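One chain, subunit A, appears in both complexes that follow, with subunit B as partner in the first and subunit C in the second.
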Partner chain A sequence: MSFMKKPTVRHPGLPRNDLGLTVRDYEGGMSTLCAGCGHDAITGAIVQAAHELSIPPHGFAKLSGIGCSSKTPAYFLGASHGFNSCHGRMPSVATGANAANRDLHYIGVSGDGDSLSIGFGQFAHAMRRNVNMLYLVENNGVYGLTKGQFSASADIGSTAKKGEENLQPPIDPCQAALTLGASFVARSFSGDKEQLVPLLKAGLQHRGFGMIDIISPCVTFNDHEGSTKSYSYSRQHFHKAISADFVPPSETIKAQYSEGASMPIELHDGSKIILRKVDGAYDPTDKAAAAIYLRERQSAGEITTGLLYINEAQQEMHDLAGSSDTPMNQIPYERLNPGSDMLKKIQSRMR
Partner chain B sequence: MSTNKPSDNNFTIKIANVNGTGSASANGLLMKSLFRLGIPVVGKNYFPSNIQGLPTWYEIRASEKGYLSRSGRVDIMIAMNAETYQKDLQSVTPGGILIYDATWPRNKQLQRDDITVIGVPLSKMCNENFPSARARILMKNVVYVGVVAALLDIDLDVIRSLLNETFAKKVSLLDGNQLAIDLGYSYAKEHFSCPLPYTAKVIDRPGKGTDIMIDGNTAAGLGAVYAGATVCAWYPITPSTSLIEGYKKYCEVTRKDPDTGKNNYCIVQAEDELAAMGMVLGAGWNGARAFTSTSGPGVSLMSEFLGYGYFAEIPAVLFNVQRCGPSTGMPTRTQQSDILSSAYASHGDTRHVCLFPSDPEESFYMSANAFDLAEHLQTPILVLSDLDIGMNDWLSPELTWDESYQPDRGQVLTKEQLEEMSVFHRYVDRSGDGVAPRTLPGTHPRGAYFTRGSGHNMYGAYTEDANEYQQVVDRLMVKWNTAKGLVPKPITMGSGNAIGFVSIGSCDHAVREARDELAEAGISSDYMRVRAFPFSQDVQDFLDAHDKIYVVEQNRDSQLKSLMRLELDLDDRKTESILHYNGLPMTPGFVIDAVNADLARGEAA
Partner chain C sequence: MRPTDTSDPQYYHKVVDCQWGCPAHTDVPGYIRLIAQAKFTDAYMLNRQSNVFPGILGRVCDRPCEPACRRGRLEADGEEEPVAICRLKRVAADNRDEVRHLLKQPDKSGPGRGKKIACVGAGPASLTVANDLLPLGYDITIFEALNVGGGLMRSNIPSFRLPVEVINDEIGMIVERGVTLKCNHPINSMKSLLEDEGFDAVFVGTGAPKGKNLSIPGREEARANIHIGIEWLESVAFDHIEKIGKNVLIIGVGNTAMDCCRTSLRLGADNVKVMARKPRAFFKASAWELDDAEEENVEIIINRSPKAFVLEDGKLVGMTFEEMEYDVDAEGNITDTRVAGDVTYPCDDVILAIGQDNAFPWIERDLGIEFDKWEVPVVDKVSYESTRPGLFFGGDAAFGPLNIIWAVEHGHQAGISIHKYCQGESVSERMPKGMTLESAKMGIHEWSYSNDYDDADRLLVPHVGLKDRFKKLNIEVELGFTAEQAAEEVERCLNCDIQTVFTEKLCIECDACIDVCPVDCLTITTNGDEADLRGRLSAPAINPEEDLLVSDSLPQTGRVMVKDEDLCVHCGLCAERCPTAAWDMQKFTLEKPHAVNEAGAPFQKQEVA
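So, the complex of A and B:
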């Protein structure tokens, strides 16, 4: 149960990060999800990524909507504030939270039902605003918490557990994100920690909206033959366009990459993502090309993974709004109060 | 004065225009010139939900006693819209005057013997004097201001100085406007017996020179600036949009950081009202003073998050500038029909603190107060004004700001406080007032908790345990009772009379004027204006102290009375509703007629 405390016993040999904290300091409560749920693997990857970045745990705020995926913020970063909002409404809460304090790292966790159906409007507009946050779509193609209805990401022809066939086209969060203005678009698989952890780290350090679509099989309702979001289907049909390594600023100098095959992209804090193109023609800084590539691979029955698009130059919400560097919630009242003389002056024009 | 003849400084002018023809500035000029003479005025705009081409009316009431409700009469009608001419002619009070554009022949079928009709060739005069097509249309409006100035003997120097101020930066327009005033003024002087038996006279009274003309939305937006609100999320909807515009306008003037030029405020235009409310909760949760502004349809959409804010206990301020419902209703007409839907917005046992300002002045102070209450009580506060208050131009005493004011941020634990605690639990009420200390994200790892709209116990953890759940919702009622002592008390007038009026919000001026008139006719009464929900004991005491209660409100379903019946001990046998709900602001005459009819029924029985 999420309110159950994990034992605080620590192995003395656990590695410590720059803050002297172990991975246990980034964990949360016990998961209540089904054994083998892809979401739990993602939770583990978030814990690892946060620990490796050496961000203090209370420097994060984690937010979610409603659904199985949205329960997971209770299972990681127990020393961070969490906000389990209404169904499909996490993007607006995250936008407001970010408006109030631009200094925290925001992790939004959502699912395919939460983001692509009830919350599609909010999902779209948070991207359009380029809210500075990491947004995860834990995508299993199914409504798990209400026992197995199709979601909007279910593929045509995929079947439900009881055999019913989905006839409607799927919404691809990555293609939507490219169109709607996200400045960081990636896809991964819950079972591929090696790919996922660097993407999470890069997404957290990226300034702007980082969307990662994470195919995360539902072991209870969508892991059968006929599902296109099962473990076996995902392993067979994934196509890595690009693999990413994340290099924090302190290690940039010693990072090993050969200029020809790799593509280093520097993030705002000085850290780098080293991209190794699996497909030589792929350019993750070219939005139009990325969109075409995604569609082509989709037609070929492949699910493209990796960092699909990044634009470090795109301004995030506060840049666009001209907000002060001091977070709104930390500006002292003395600087917010125009004073009684100003009130007199304002009213002199009302006579 | 609602039943009397017009007299010096007591009259109503109504102007019938086509919207999109530039009449607003001319009408504002006319109103402001009366205001500058010291006469209390109110300007009410009856406008269509449209941008160009539909009928619109502006009504200016001058009242030496300072009554600012709709008078219900028309002493001077300026009929500029051929389409509504028949209706406008009919609406003139017997003995009144109708001014029309005599460039074209008037429909002779439409006659009234009990009014004076004045024809002024407005179009012809403008065509002869102004070269551009645009000026010819715009200046017709200014010419009729000149005509009225002659009829009411308005000091032309006052108009001249207003024009000088308005066009200080556009001197090219000054001459044209001045010419138009002179054209109208001279024509009236030459062709009609000017001035009328009643005129606009300079008066001296307390407040002259310091009073202002302001609309409630501007005042509320300004209040949010002074309260220190930094995050504003909103979605455009009539009649609340100008509240956000007011906030933005004064932020641009006062909230640019002098060193960096950056904004000490963040306004987000949301994709819809659901998102707007979500953003406000996100920001309030994160420790910024945050608000939104909307109207009935928006409150319907925001209800989901209002319930969340109530249950998870997050400060938020929502301005509901009410308009005519149900559904889309009449977006540009006024009503007080969201009282119940605001008080209990959202599913489950949910209830919200509501404030009810009656005019722009109170909108300003209640706006600031709402942020203190929201953070003190850790809950959404709904400020219910309406289109009449929010969008019309009211005479108002000068607004002041107490320099010693410090925002009440409520119980928020600091890093140092958390450092000293061994453990923090979000919903443990130590003070007994139903409010538990909260923490802000980023303060300290020990302050972390998981905010949720799902069932939780006093420690903030998820629960489906019967007792744990009930403990939390029972504490919310303790908090509710605390709120009763913190919200603005009702304002009462008079004492010891058998009859008591109860009203709310923008009914105030009409009820006060009706009371004065009834008193002159020998019917004395007491009066209480409710200013907040939950009701304090004073409201119950007033109900108990009267043999006859008239609850006056602007909706069909007696929503204030219903709320009092639900929350207080209200005796239906002695309580009568006076309900005005056609979308126009209520008049004192309406209240008087209703009381007289009720008293007559009582005598007949």
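So, the complex of A and C:
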């Protein structure tokens, strides 16, 4: 970590978004993570994506659990809402927050430990409810914060820093998400912002639970030879099944996309994701095929990345619950709390 | 692009904008750090090595370093201003201890023993030649027409900007070490100097001594009240003129005009107007000289072109001007000029400050010294040698009027040439510039320099009050920074000489440096040609003058690291955040040869801290 703050001085030519803000207005505090940690690059990608979407910083709520990854909301969107929950409990806090105020953009940041071990049950139910949020698993194969024990995403045969081998099978967050009901499932790599930033933007504009599994090397405990979550291993085994470009509502689609090879998907706000298939047969709207494809590529030793599955039509939590369109903080107190007479009436109906 | 060749000293040299912009390549960040540590004497000596007259230049330097300073290109709360480089130089001079014992004494058994060198004119150019050749044992004689040395620094720059004691002290440091300074000794014949006096080499540093005249109606008749600026200032400096009329017009708006108008105010004028032919954007005077004159209520009137002097009873009473109108295009160039009418301003005296010319009536034209069509000698831009071997020119005499710091640099270069010439070596084969690089790392996130960005605004130098300063001609207006103010201002310097040095084979492309850089000057991308790369950087490349540092292919993806040097604040965060030390902060020291180095002396080592 660095002891000084990032200076406020900036490049005078920085582009301004529709709100007149520069990317610097979307930053947070100075990171205290290890120098070179993949999580910091993801932080950088979130800052960039939020700026490019021209969403005001206070239009976001960022939530996390415990872990190095879960510390990162302190380092982006300094002017947004936030909640740091206890270990593995971020999904339920996010669910509650979203129930109360559906107008904010929710970013949940978690780790492979936070989501796939202690918080697995919570992770599963947030997906099952299709809570409208972007959920990031910053996946480094270890518990970084507690000094590098294998996590539930560690691959069989991957070795720890001192040579011990992992023998248990990994949980793949993408397979889990496909099975458990997430309506947007993607995988990316902290070292590839070109792929990651459009996915973050698409995930933020998608209505429903957007889960992105982001391989995010732990430079301190899991970046050695023998690790399957190191920078160099990830780069060697990276396979882009499908590329996703994000097109905001104001822009028309450029002619460079040839028919057939590309597939536009319109999101609820009018923005579009243009999917460019690298692998011709792949169809990211076919859930069953996606699951099979992922399993096959995994046995071939590849890390499949890109937007793996999307379903814009799937109902999210508020649709399922039939809850109010208006955030609770904008509903007049008398309606939120109709008083004891109304309570009595309701109770009498139940007798 | 091909990987940048950082082994060429020019690459990192150019990153240090102020040092690159200084004609003598003064190690600005080096001396600023020394001031920060209150090592004023060391700061003075480091300055002196390059610019010879830190006390003088700390007051009146033309300071091309300041518009070049990187700090002025940044944006924090608003636009940033350059570091007060020149004012800090004066702080070193004002607070230093005695330095005479630190100066190199003549080495009587040095390579110059038995060689006689003549310098004509005792301005900064000749004095620098003497300063550089003395230690090598050369026998140096300076011939000066006036009764005292210093050139225009003494005769033209007014004492309210540059006190006489400062000039005496810094000239003394050179002359006292054994230069023969022959004052009241104008050279009237180059031929006899070259042929009769037995000098091994001759340097001409006679300046550009002729003020331009203005031939319009009434000039002759009103001559008693029309003065040529540089002659008039000289007369004031040597007490031959002690007063001037109440209403004074200054013609021209360069630095000489600024000195003339401010001097007039001190000799009894109470209404001084500076008449400019063109709009403000075309003024030749430095911004700070204009500010200082306007602070003293000098009125600057634009778009007035001199037409005639007006006389009554044979005496000057006014001056008529044409009122000019200009069309200016988007780039600021004048596209059309019109005269809208005439206007007359009453006045008692007029001072002409419209430029200087070279004049060499004392150089015979049959000595093998070629002159060009403007009657200026042909001088080599590297060696400063004329077409006659062994005869060198420098300062304003070489390429027309410039300024003191250029005169000093010409002196350094001519000094090298004279030494080589006297040693029978070729004056064109010169020692190249060199450099040293030394890591500034002291520990984890600890550097040998103050790397955090200080967002303080540029400090203003205090001035003597508007009443008191006019009491006497020689009251120095600028008071200089106090030690406390200097301590604040030094922190604004970005330490641009602490270079970001990249080792590609160590980079794992984690993006940490890219994300942390406060001014977004780093990019990892696929390679391309320069124009292409400049279009794909993290932040737009807005300054094509500044270089791109491009790495070799990175080990994991084959992409390249690109750094736009333009706005790097040298905060070291890239190096702090790099897990593999692929970025390091290294102190760059330019090794710029002077005559002593050509003669074999090692370069002085500059400490990092």
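Basically, the second predicted complex is superposed on the first by the 325 of 351 C-alpha atoms of A that agree within 3 Å, B and C clash if a C-alpha of one lies under 4 Å from a C-alpha of the other, contacts with A are read in each partner's own complex, and residues count from 1 in each chain.
The criterion applied here is as follows: a residue touches a chain if its C-beta (ideal position, glycine included) is under 8 Å from a C-beta of that chain, and two chains touch if they have at least 3 such contacts.
In this text, all values refer to a predicted model and were calculated from it rather than measured experimentally.
Participant: Scan A:162 for contacts with subunit B and subunit C and give back first, second, both or neither.
Facilitator: neither
Participant: By the touch definition at the top of the document, which applies to A:56: first (subunit B), second (subunit C), both, or neither?
Facilitator: A:56 sits against subunit B, while subunit C stays out of touch.
Participant: Of subunit B and subunit C, which one touches more residues of subunit A?
Facilitator: On the superposition, B touches more of the residues of subunit A.
Participant: Return first, second, both or neither, reflecting whether A:44 touches subunit B, subunit C, both chains, or no partner chain.
Facilitator: second
Participant: So which positions on subunit A get touched by both subunit B and subunit C?
Facilitator: Looking at subunit A, the two contact sets intersect at 1-3.
Participant: So in the complex, which bits of subunit B are touching subunit A?
Facilitator: 35-36, 209, 211-214, 222, 225-226, 228, 230-231, 233, 250, 253-255, 257, 260-268, 270-272, 274-288, 290, 304-305, 308, 398-403, 405-407, 439-454, 461-463
Participant: Once bound in the complex, which stretches of subunit C touch subunit A?
Facilitator: 73-77, 79-80, 445, 451-453, 455, 508-512, 514-516, 518-521, 539-540, 542, 556-557, 567, 569, 571, 573, 576-580
Participant: Residues of subunit A touching subunit C in their complex?
Facilitator: Residues 1-4, 6-15, 23, 31, 34-38, 40-41, 43-44, 190-191, 193, 217, 219, 223, 231-232, 235 of subunit A touch subunit C in their complex.
Participant: Can you list the subunit A residues touching subunit B in their complex?
Facilitator: Residues 1-3, 56-59, 61, 63, 73-74, 78-86, 89, 91-101, 103-104, 121-122, 124-125, 129, 317-318, 321-326, 328-329, 331, 333, 335-340, 342-344, 346-347, 350-351 of subunit A touch subunit B in their complex.
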